[in-house]
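Could you have a look at this structure, given as structure tokens, before my questions?
Labels run A, B, C and D following the written order; every chain starts at residue 1.
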């Protein structure tokens, strides 16, 4: 069934057992909404110098947006900022591929569990769900750095 | 097949709608339950569009050649049809816009720029309700921000009805305009027009009724409603996209200032000043949606031939059946009235803690098209403490079998996320 | 048959336009010379409309079902096509409206409600020209009345060109916005964009170009124009009625306030306040003209496949021929440029003291459709001391034989009233 | 030729040799325009008690609007107000008939030369031309009478 390409076992797992959910202390907090469906996320980031030490979040949303936040937490926490940015870039590329990018080994190495979202990229209405937390993370990070990148999210 | 009293001859009607034969996801015939978002179009409407473009296309009102005369006659003929459809006292009270949203904004802007006694300003109030479509909220928020007028609203009861208990505080002597929906697009609630109109008239406020979810589904009589303005949209009532209607009382349309300026809406123009054409043209700047008005005229003919009362009866039967069957689904909660009384054919619900996005996605895979989200009525979701709903909405071509398909589909959803 | 250099393969092209086979007044094949009012539609555009309604019709942006995704992809795909057609730096700079008039009013209203530095108020000025279409005059008169801003304009020379001799008085340090037409719809004049843009930039004024009569007829590159906003309308460029475009620079669209409020244009809504979606959606309240955007996309594909430069060359050849032949008609006076240089394919004229209404009527009887009147540019008629003109206007399917028919027709007019 | 039904000899005659053209002294003056084409008329009426003693006018317009003003002058001047109103009413009815009213003897008796306009009623865009002066007359008369009828023109 085509649907299984979106709702990978791994995504449903993350949805049912989210990682790092809840709001903890952070250096910056952002609130993002998906205007098409009303999904919301409040997300905080904490950095120790160059290292992302925590991403905590709270919000409501569908399985895709919830699982995506969980995967983000698992994948990015503990990484250096530059590495985290690279991962975010690759994830964005995958999600905007309209199902046309078949993740290769190199991509899988970077994205780990997040490659499970490849199937979601075929569903334009759901791509925003998958990206909600990632855009929020990008925005919060920009806030911490106080840099001008903020508005491009 | 389930037989219900009051149904239309669904098989015959469905033959008029080419899209209903559409097959999706490897062989599944579409079950289109997203009619509150937009309706499908009968062959008769598409034929009218094609005939217009192939035989009569020209710009209207300004030509002496035969095409221009034909196009004008067709465009103005559509106005006659719409006027008859809503029982308008005069055809000149029917303004064509691009959609209901423009119609609603048009009224807000007229009142913002009006002279006394209509003028909305910092000493006045605007009243709406918590169940409005965003298109009947944001224009008033903008007007309120820009003029300083105070925006008030009716809240909702737990069972999805307007709470009119504080009507004298919501509509006061300061109120200039009361704007509310006849039928909620998210909950299906049919609102008590009389009580609101009576109070508005008591204080001398104008009344605007958003009939976007009413015009497609029930007989609409603007005189019986007693409102000053009525807005609706073509694409939800078998018409094309790109066309809406604002009906307004003639004296008001004469007194109120124009909104968009341009060709067609003028009487005479010099560089120093201009005077305006009488309504409706005063409010129709630029080349109007000509083909779309003609298409809406054909839609109105189509609906009238079937009979709006019969369509209402059909939908009532389907809604009654759907409500009953939905309430049998475990963990399903209807947001809005849980009977078919005083409600339209849009039914919102939540299914346990499965997010509507996920409900909609799994239904889609089975060929069932429903809408999920806040349905441009986010305050309703906030009111009931939910992020979103799943909405199934029916129309004249909807069948009991499609209700059954929905129920089966929901079973599948529960298993999928179970 | 007259052969001119640079003509398109007219016979092949005419086969695409069903209306051109229309027969009027007992057997006369239509000679459609009213293209500046609206163009005819090729089969390809009508097919796109039908396919949309029969296969993909749904409301856009808010659905997870397959029809909603297809409709959204088609609608947003049309935006990509239009963006490419005008060489916009970003697709998000392309706003769909209902016609050029709405696009022009949109800019006027944005600026009226804007914060500094864009805000138009009593201490500022607006500059337009005497050859504007009413749709580019009245919005500015309204804005000027409502804000107190001063409205100024460029006059015209005797041969139908802009008189820029006093450019420093018309565009001053107080000027906030300069709005002018790229091609005059009444005289065909092509205006000198560079000189005006340069002066506007000098004083920091925004520039809005009305490209309604340019987009259908010549390559349009919004970046090369150097303007801040460009407006045009679908129905004149082989597209459906009910669709217009406003292109605007991204930073401006981010900074400027919304105009119409409603569904689609919001980010989040509560009863107390709302936030807005990023452009272009911020300016597209309500269900957009979906099918019409799709149709415009098909029109743009059609024109691009033929080549806008080739279309311009074709029209240039026809215009050159038409001007030459018209000037041979006794008592005929062209209002506007009397050569084909820097002019489009709309030619206005007066024929002795025969009123244009009478000219148009007698031409119509011969199957020749021209427009008569002030063409929504009454100040031009006032300027040249005439009540009205007869206007013949050509497009990619116009042939030299149609010019000949017009000339013969005018001979007949002269005899009739002789 | 169909066109001849509009451009009756009589209409062309009135067009070329208009009756009573020019502005003379009057009791009221109005200025009317036809927004679709820019045609204009300035018209004055003079009453002597119940009798319409003059209609003078000036303006620009097509053959139909010019001829119609000339016929109006010929037909109405010298009539009692009630009679003039009756004529105006019958003319209006004819013009709004979309070519469907075939003038009978009774109508011809009332309208005299003005029946020549029957053919014009088939051309919706031109009906306004034919009515321009008649509406102006109605308006000017209402002004003289100072009555509330004014706006209905």
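By definition in this document, a residue touches a chain if its C-beta (ideal position, glycine included) is under 8 Å from a C-beta of that chain, and two chains touch if they have at least 3 such contacts.
Fair warning: this is a prediction, and the values are worked out from it, not measured in the lab.
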Distance in touch steps, counted as few as possible, from chain B out to chain D: 1
With chain centres defined as C-alpha means, what is the inter-centre distance between chain A and chain D in Å? 76
Between chain B and chain C, what is the separation of their C-alpha centroids in Å? 31
Could you work out how far the Cα centre of chain C sits from that of chain D, in whole Å? 37
Of all residues in chain C, the ones touching two or more other chains: 25, 62-64, 68, 266, 268, 357, 361, 372-373, 378
Overlap residues in chain D, where contacts from two or more other chains coincide: 36-38, 123, 126
What are all the chain pairs that meet the touch criterion? A-B, A-C, B-C, B-D, C-D
What residues of chain B sit close enough to touch chain C in their complex? 18-19, 22, 24-25, 30, 32, 34, 37-38, 40-41, 46, 49-50, 53-59, 62-68, 98-102, 104-105, 108, 113, 130, 133-139, 141-142, 146, 151, 153, 233, 235, 240-244, 258, 260-266, 268-271, 273-274, 285-292, 357, 360-361, 363-364, 368-373, 375-376, 378-379, 382
Chain D touches which residues of chain B in the complex? 61-64, 68-69, 72-73, 266-268, 277
Residues of chain D defined as touching chain B within the complex: 33, 35-38, 123-126
Interface with chain B, chain A side, in the complex: residues 1-3, 6-7, 12, 36-40, 60-66, 123, 126, 129
Touching residues (chain side chain B, partner chain A) in the complex: 25-26, 355-358, 361-362, 365, 372-374, 378, 381, 387-388, 416-417
